[in-house]
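Scroll down for the structure; my scribbles are underneath it.
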Amino acid sequence: MNLKNLETCKGLIKGSYVDQAIQGTSQFNKLLETLLIHKKLPNIGYNDKIIELILNEISMMDSNNFIENIGVGEREGRIYSGLVEKRHYGFAHGIGRSGDITEQQPKAAGSSLIQKLTHSLVLDAMKLAGLEQSSLSNCLLLPMATGMTLTLTMLTLKSQQSQSNKRYVLWPRIDQKSCLKSIITAGLIPIVIPNILEGDMIRTDLNILEEKIKELGVDNILCVFSTTSCFAPRVPDKIIEISEICKRYNIGHIINNAYGLQCSKILNNISQACKLGRVDAFIQSTDKNFMVPVGGAIISGPNKEFIDQIARNYPGRANSSPILDVFITLLSMGKQGWLDLLKERKELLIYFNEKLSTLASQFNERLLNTINENKISFALTLSSKILNNTTQDKEITTIGDFKNSFSFSMIGSKLFSRSCSGSRVIDLETNKKAIIGGIEFNNYGSHIENYSTSYLTVACAIGITKIEIDTFIQRLSKLFKQQK
Amino acid sequence: MNLKNLETCKGLIKGSYVDQAIQGTSQFNKLLETLLIHKKLPNIGYNDKIIELILNEISMMDSNNFIENIGVGEREGRIYSGLVEKRHYGFAHGIGRSGDITEQQPKAAGSSLIQKLTHSLVLDAMKLAGLEQSSLSNCLLLPMATGMTLTLTMLTLKSQQSQSNKRYVLWPRIDQKSCLKSIITAGLIPIVIPNILEGDMIRTDLNILEEKIKELGVDNILCVFSTTSCFAPRVPDKIIEISEICKRYNIGHIINNAYGLQCSKILNNISQACKLGRVDAFIQSTDKNFMVPVGGAIISGPNKEFIDQIARNYPGRANSSPILDVFITLLSMGKQGWLDLLKERKELLIYFNEKLSTLASQFNERLLNTINENKISFALTLSSKILNNTTQDKEITTIGDFKNSFSFSMIGSKLFSRSCSGSRVIDLETNKKAIIGGIEFNNYGSHIENYSTSYLTVACAIGITKIEIDTFIQRLSKLFKQQK
Amino acid sequence: MNLKNLETCKGLIKGSYVDQAIQGTSQFNKLLETLLIHKKLPNIGYNDKIIELILNEISMMDSNNFIENIGVGEREGRIYSGLVEKRHYGFAHGIGRSGDITEQQPKAAGSSLIQKLTHSLVLDAMKLAGLEQSSLSNCLLLPMATGMTLTLTMLTLKSQQSQSNKRYVLWPRIDQKSCLKSIITAGLIPIVIPNILEGDMIRTDLNILEEKIKELGVDNILCVFSTTSCFAPRVPDKIIEISEICKRYNIGHIINNAYGLQCSKILNNISQACKLGRVDAFIQSTDKNFMVPVGGAIISGPNKEFIDQIARNYPGRANSSPILDVFITLLSMGKQGWLDLLKERKELLIYFNEKLSTLASQFNERLLNTINENKISFALTLSSKILNNTTQDKEITTIGDFKNSFSFSMIGSKLFSRSCSGSRVIDLETNKKAIIGGIEFNNYGSHIENYSTSYLTVACAIGITKIEIDTFIQRLSKLFKQQK
Amino acid sequence: MNLKNLETCKGLIKGSYVDQAIQGTSQFNKLLETLLIHKKLPNIGYNDKIIELILNEISMMDSNNFIENIGVGEREGRIYSGLVEKRHYGFAHGIGRSGDITEQQPKAAGSSLIQKLTHSLVLDAMKLAGLEQSSLSNCLLLPMATGMTLTLTMLTLKSQQSQSNKRYVLWPRIDQKSCLKSIITAGLIPIVIPNILEGDMIRTDLNILEEKIKELGVDNILCVFSTTSCFAPRVPDKIIEISEICKRYNIGHIINNAYGLQCSKILNNISQACKLGRVDAFIQSTDKNFMVPVGGAIISGPNKEFIDQIARNYPGRANSSPILDVFITLLSMGKQGWLDLLKERKELLIYFNEKLSTLASQFNERLLNTINENKISFALTLSSKILNNTTQDKEITTIGDFKNSFSFSMIGSKLFSRSCSGSRVIDLETNKKAIIGGIEFNNYGSHIENYSTSYLTVACAIGITKIEIDTFIQRLSKLFKQQK
């Protein structure tokens, strides 16, 4: 309530009580002012009531919510369903204008404000997570998941050099379909760079990368597409070295950092890569790092002009829902909440590692030695003894695609049917060939041609709890034990 | 509550009351069954309580909402904020899988169900609006607005012919930036086809179109990009004839039908175009036709395989929020509500036309004669007399870009500052040159080089009310009158 | 957002857009100002978004929602559950103080404001419904249903005369248990005044009333307890005459006007009764008149001091939830919505009457002639022919208490099991004796000893729709027909 | 979704995914089944999503939510406003029937179920808090705060003995207005039993109590009204001894246990009192013990018949909102949450005590020695030195009634204006006389005629946090220091 109306309340209730209310209200206004001025995560997260009040007040800045507004255009932010209006807090106009996805809308000052603030909050959260200022010239939160965002980024990179022949994308193998597809959908040609082994770890082969550059010719190569966050025993690409190569040959470099924002080691590497070599953009998912529903990705990089160019390249308006999710979430976390989440994950990583090692040795399996490089996921060997135990579990009706196959894969499906989601089994007993975008892959899923053992991977991702880890170990152990 | 639990309630409350409740509950179950079996708009829309119950029950099918679920993957649908969880009804996994945006997710049966049902409901709504079955082989609702969706459609068209040189897109001029940008972002080259005049109407020049085809060579042309919904005095492109040309020359044809789903004349033309000629896809906005917030587009067309190809071409997962909005909205409208909205718009079109004609003649202006072809918007001439009246309104602080300019444009800004949004003024006194995507346009905004008069356009879009029309006429009239 | 923060937004988004937002926001502030100053129903009801914003802004005036608040008392408005906080918009302190239920709370200026405003809105709604100003000295909305509110009213009346012997309450028979119980719970002694017949109508017997007064002695009588809203064929008590008698003998008069606020004829009578005779208070339900959930009652009357005395007599604080419901509802209705509801009910009364008459004659039954006095409900005779038809309906499993009894009652239970609620069957074939509060009643439910016929009653209450009436007639007709 | 509909989903999505969803859904059904069968707090509280789903499913059992329902009664649970419907989850019929507040409603099986379950959960929570089974024959949660509930309880006690003269209520002085008023509103006569001092503690004077019984005569005394929860330096009444006296003289005994449910010592005493003597009922507030908004009270006692009699004595229906709040809250807490809250309060009591002692000694004040008996609140002496310091604080605009008075009271108002609510100052420098219900009290607020010192009281109530205590100590200290 504005001051004038508060004063008017004195005609209804005691003046001294209203004065107290004015003081209370001003605490809220001050909090909002701080947000508008500093554009950073609040130290302590706001409670839901405060967040909703902020959203409702900001949405009153959009013309479709003006009390006297009438609309005679083709898009007036009319919302048919009250439920839909409610879930969007009355924001109807999305973000952007035809010219630029970050352009402000005259009809929707509130939506524009949310977008602007969210970008600032995201930058702040990225810094807090460990990225250096110089790598973060700007950021762009798009309402598309990482795959489509990678496509748009490459299309923009390509458009900057429109007369050229640059159509190859050098891509250290990562067996995740949407990565490959993002290249192909952009109309570009992926060149697979096979990985090499270092102990248990699957790593970037820099030699082959450089050879391929020479072979294809710098003028034909748009960029290298590297990956940081991945499932063990693959470890993050050597992005510092790659960026140096890219700088040397003057070719683009795009980093798929899908869920790497939760890992300070990766972020340090990105910062170094930006400093020492060439990085055009690194892209991360909002859902995997900020615990929001699937639907957004953040593009950042050391070169503001390129980020802005992507924004300008996006045709038309877009959905503001993923931005709203991030806005709400970051205000709710606050600086303390965000730092706590990062810290807890780090601590639980060690805990999970120990628990898995113990479990492994109990069953004569081994936790693959990848923890020095991959700080997010683990891989546990699966040998035939385990298989013998677990496949005799007759009473379980198996799930989905795995029907009728007695194999390691069943461990995954059994875990899933026991309400454990997210673990993956890589069964190398049977070579799984896959053709994706016209390219054939052996042992698809394992990131390399011939790994030495089948294994089970699990991740220690942001938001995981100790109870989840304990329960998982318990259920997996029970599954392994089933026959002894 | 399931039957077993209802029976258990008899331990707590009278059996006969529980029996009555069982009967009541079964009415709900039957309603849901009908939806699942027929997959059509319900005759009468559901109330919000029913819709929310359906959403909450379906979201319990997603693994992140299982009570015993634990997650050890990198994306487990964890939602940090209770507000965010609530606004998405617990749906966290988005839609699609890396292989295909319409692929079902093992972790998210509920989300997959919503997507499937929504596609069926949208198809039903499109049929009810007037499209023929044969034009609607399938549909794809993407969580991207029309611009980016057009880009993806063209990228897919291009990818089908990857070895070819097809890089030109023939584009009958429509002065809406994101259309042009959607071509350029796809890495394609737009070829502008200038329009011609027919009376007051700005129309497709089929001769030039055909000449250009011959000039550029069929092998170099990817498609024609036509537009149906537009602001008067431009009228919808002659899509039937264009589709026949495309068929004859075997080139692609994509129709931007942004807000054309609300207009039966346009839909008839699309049906005919699909039948008589070649149409690869027609794209429409969800917000402009179904009254949801900005953020979704629907691709449809007579060739199911092509629509499926677009789905497969989308890299990775996507945000499900725009799908949820449409799902809720169509269940809320029901068949009756949707047909009523379409009918009311049709009736108000005539009413609005009359009101504007009367107003025009009062001020010696003229309503341009476009109603036979453009059934959504109107244009009212602006001559200098009006200008003289309105510019002397000193007490108004003008808005935005229009500052300091005494011109027709001020009428638009004044209307906006009087809480009338959506009208646009095309001021031809000053030639507005614009360079977009490297192409120069004269009198940008008017769709043609030299129209004979400045004018004001307004639309009679779905959801508009009689009160809005009356208020608009009143405010505009007051503005025109200001000096007499 | 207050002006200062809006101005601060100019650091983030374009100044001209912010200016437009300021204008939009001020439309909201003006609307709220009007409410605070005039304290009347808005002409047009507010939409839900506006209402929630108002509630959220007002709740920020309560100390438990102050951002910096800490509490060291025994009742600090802490709310454990976010769901509970949400459903009360953060209002936690209830209403009133130990001294007076209408007293303002220092800790809860917002709650106090809501209570104050609601009382004003209710007074306005009562005037709009037809009560004269002079009958409405004040009003008191208590979070108790009518029964308990009647008890408190009588306790207060009694307390004003604490030395006296006044313990009798003269009560024209109305067969609704909670009326009788409200007297007994107050520790008073009800004296039943039997009704008489006038044609089909069951009416107040003023002679017996006056005789009883003389018999018991004025000094021993606390008040007459009359009833306006009731089920046909009973009609409203002759409250004008009763009030005149009460004035003459100087005894109290309390009117149970439970659902009479929807009926202008009743309200005219109350206004007259207040003017010509003595009325201490008339009490009405919030749920039955304003379409909110059960839980509130409104006390009003011509003597402000007595109403205030009831407020002061209420010990301690109380739940504010029913007040919030009425506040939201009246703002949502607005003057227009409220008047429309009243008008529609009046029109549907005639429609329902016609439909029932037609149905009655089809089955050789008769609609009892009560419409001149009872403008809310109807009674349809039930003769044995109907019974013969309907009881043979074997396939129906009967509901509840009616099991095994082949009687008129089954019609009621069958209607209920066909999802028709609210109709009541009075079966006079079997004398239903009831002892309530130690008093024996013959034919309990029919308001009189020996009515001439069994019957079915139904009401045409506020909010009923034409579709409901049509469906009811259809279902009842089908039930009657079952055997022909 | 019921099993049949889940199976129907297999026509839309993969069977194996649906099977997984069936498994997930059955986890929910099992949880609900456990609740329905055991009727106890779940071990771990449910999350909000689960609670809302339960509420929505139960509300579908009420006839107003049946899809095909039509209503022809005078009260059909129609809810005008969608906001109101939402906040009550569609529950419209309140609780009870005219005959009994705990009677089940044929139209509202769901509402009846909620009421039943809530009573069971409350009983369980009371046991968990420390009450013995034998004291808890039953409980009754009424939608009235403690004051009005006490009135109803005494009216019921009185009604059981309707021919008698029992009109005196012996009431050990507690300076809380609504207690006294609850007696007077019931039409009874309070007899004040003055307290005595034991060290710093203000305690029950059993001698005077017994003398008064003899003086007034057992036949004239309805009951003793004792109090457990109170502000230091008053300590809980000696309820064991009182109950023994009541048993001996055969007079009623009602215990006002407003916020005593959070204190195991009080509950032990109540259990003993029930065992060794006579307790008719003990009444507690829902808001003060369960952290819900003001509005409900719980009556319990060792004699089930008496509790049931109160339920039967309540005339008519009532608001179900306070019941819903408790239901949601207890499900949300779960057993663990409830026990944790109780434990935390106990621990913070010691912490708060230490902090206050330290503060006291810093300023040459003293924490009154009451902790052995009063385990909820504290009192800190206020001597004139403090006054000198604090009253010179010129820059503060004082609040409310305290304006212009330079006194200890200002400390309270200053704390309040610094967003500390709940502390109370008892200023004995000026004798505050008060006449309440015709009775004159000296030094009203201090529970005794002549206490030796002025003081400040604060409570350590359930839900308080360590941060709140620290902040309070900080702000109070700053206030005390202001001049040194």
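Every chain is named by a letter (A, B, C and D) in the order it is written, and numbering of its residues begins at 1.
We adopt the following convention: a contact is a pair of C-beta atoms (placed from the backbone, for glycine too) under 8 Å apart; a residue touches a chain by one contact, two chains touch by 3 or more.
Keep in mind that what you see is a predicted model, and the values were worked out from it rather than measured.
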Between chain B and chain D, the fewest touch steps amount to 1
Contact tally winner between C-D and B-C is C-D
So, in whole Å, the Cα centroid of chain B is separated from that of chain C by 47
So, in whole Å, the Cα centroid of chain A is separated from that of chain C by 56
Cα centroid separation, chain C vs chain D, in Å, comes to 29
Residue numbers in chain D touching two or more further chains are 14, 16-17, 20, 23-24, 27, 48, 52, 63, 66, 68-69, 82, 106, 400, 416, 419
Contacts from chain A onto chain C in the complex sit at residues 1-6, 8-9, 11-14, 16-18, 20-21, 23-25, 27-29, 31-33, 36-37, 39, 48-50, 52-53, 56-58, 60-63, 65-69, 82, 85-86, 90, 104-106, 109-110, 112-113, 116-117
The answer for chain C against chain D in the complex is residues 48, 51-52, 63-64, 66, 68-84, 87-88, 91-95, 97-99, 106-107, 143-148, 150-152, 155-156, 158-159, 162, 176-179, 181-182, 184-187, 229, 231, 258-259, 285, 287-288, 290-296, 313-322, 324-325, 328-329, 332-333, 341, 376-377, 399-400, 416, 419-424, 458-464, 467-469, 471-472, 475
Seen from chain B, its contact residues with chain C in the complex are 14, 16-17, 19-20, 23-24, 27, 82, 397, 399-401, 403, 416-417, 419
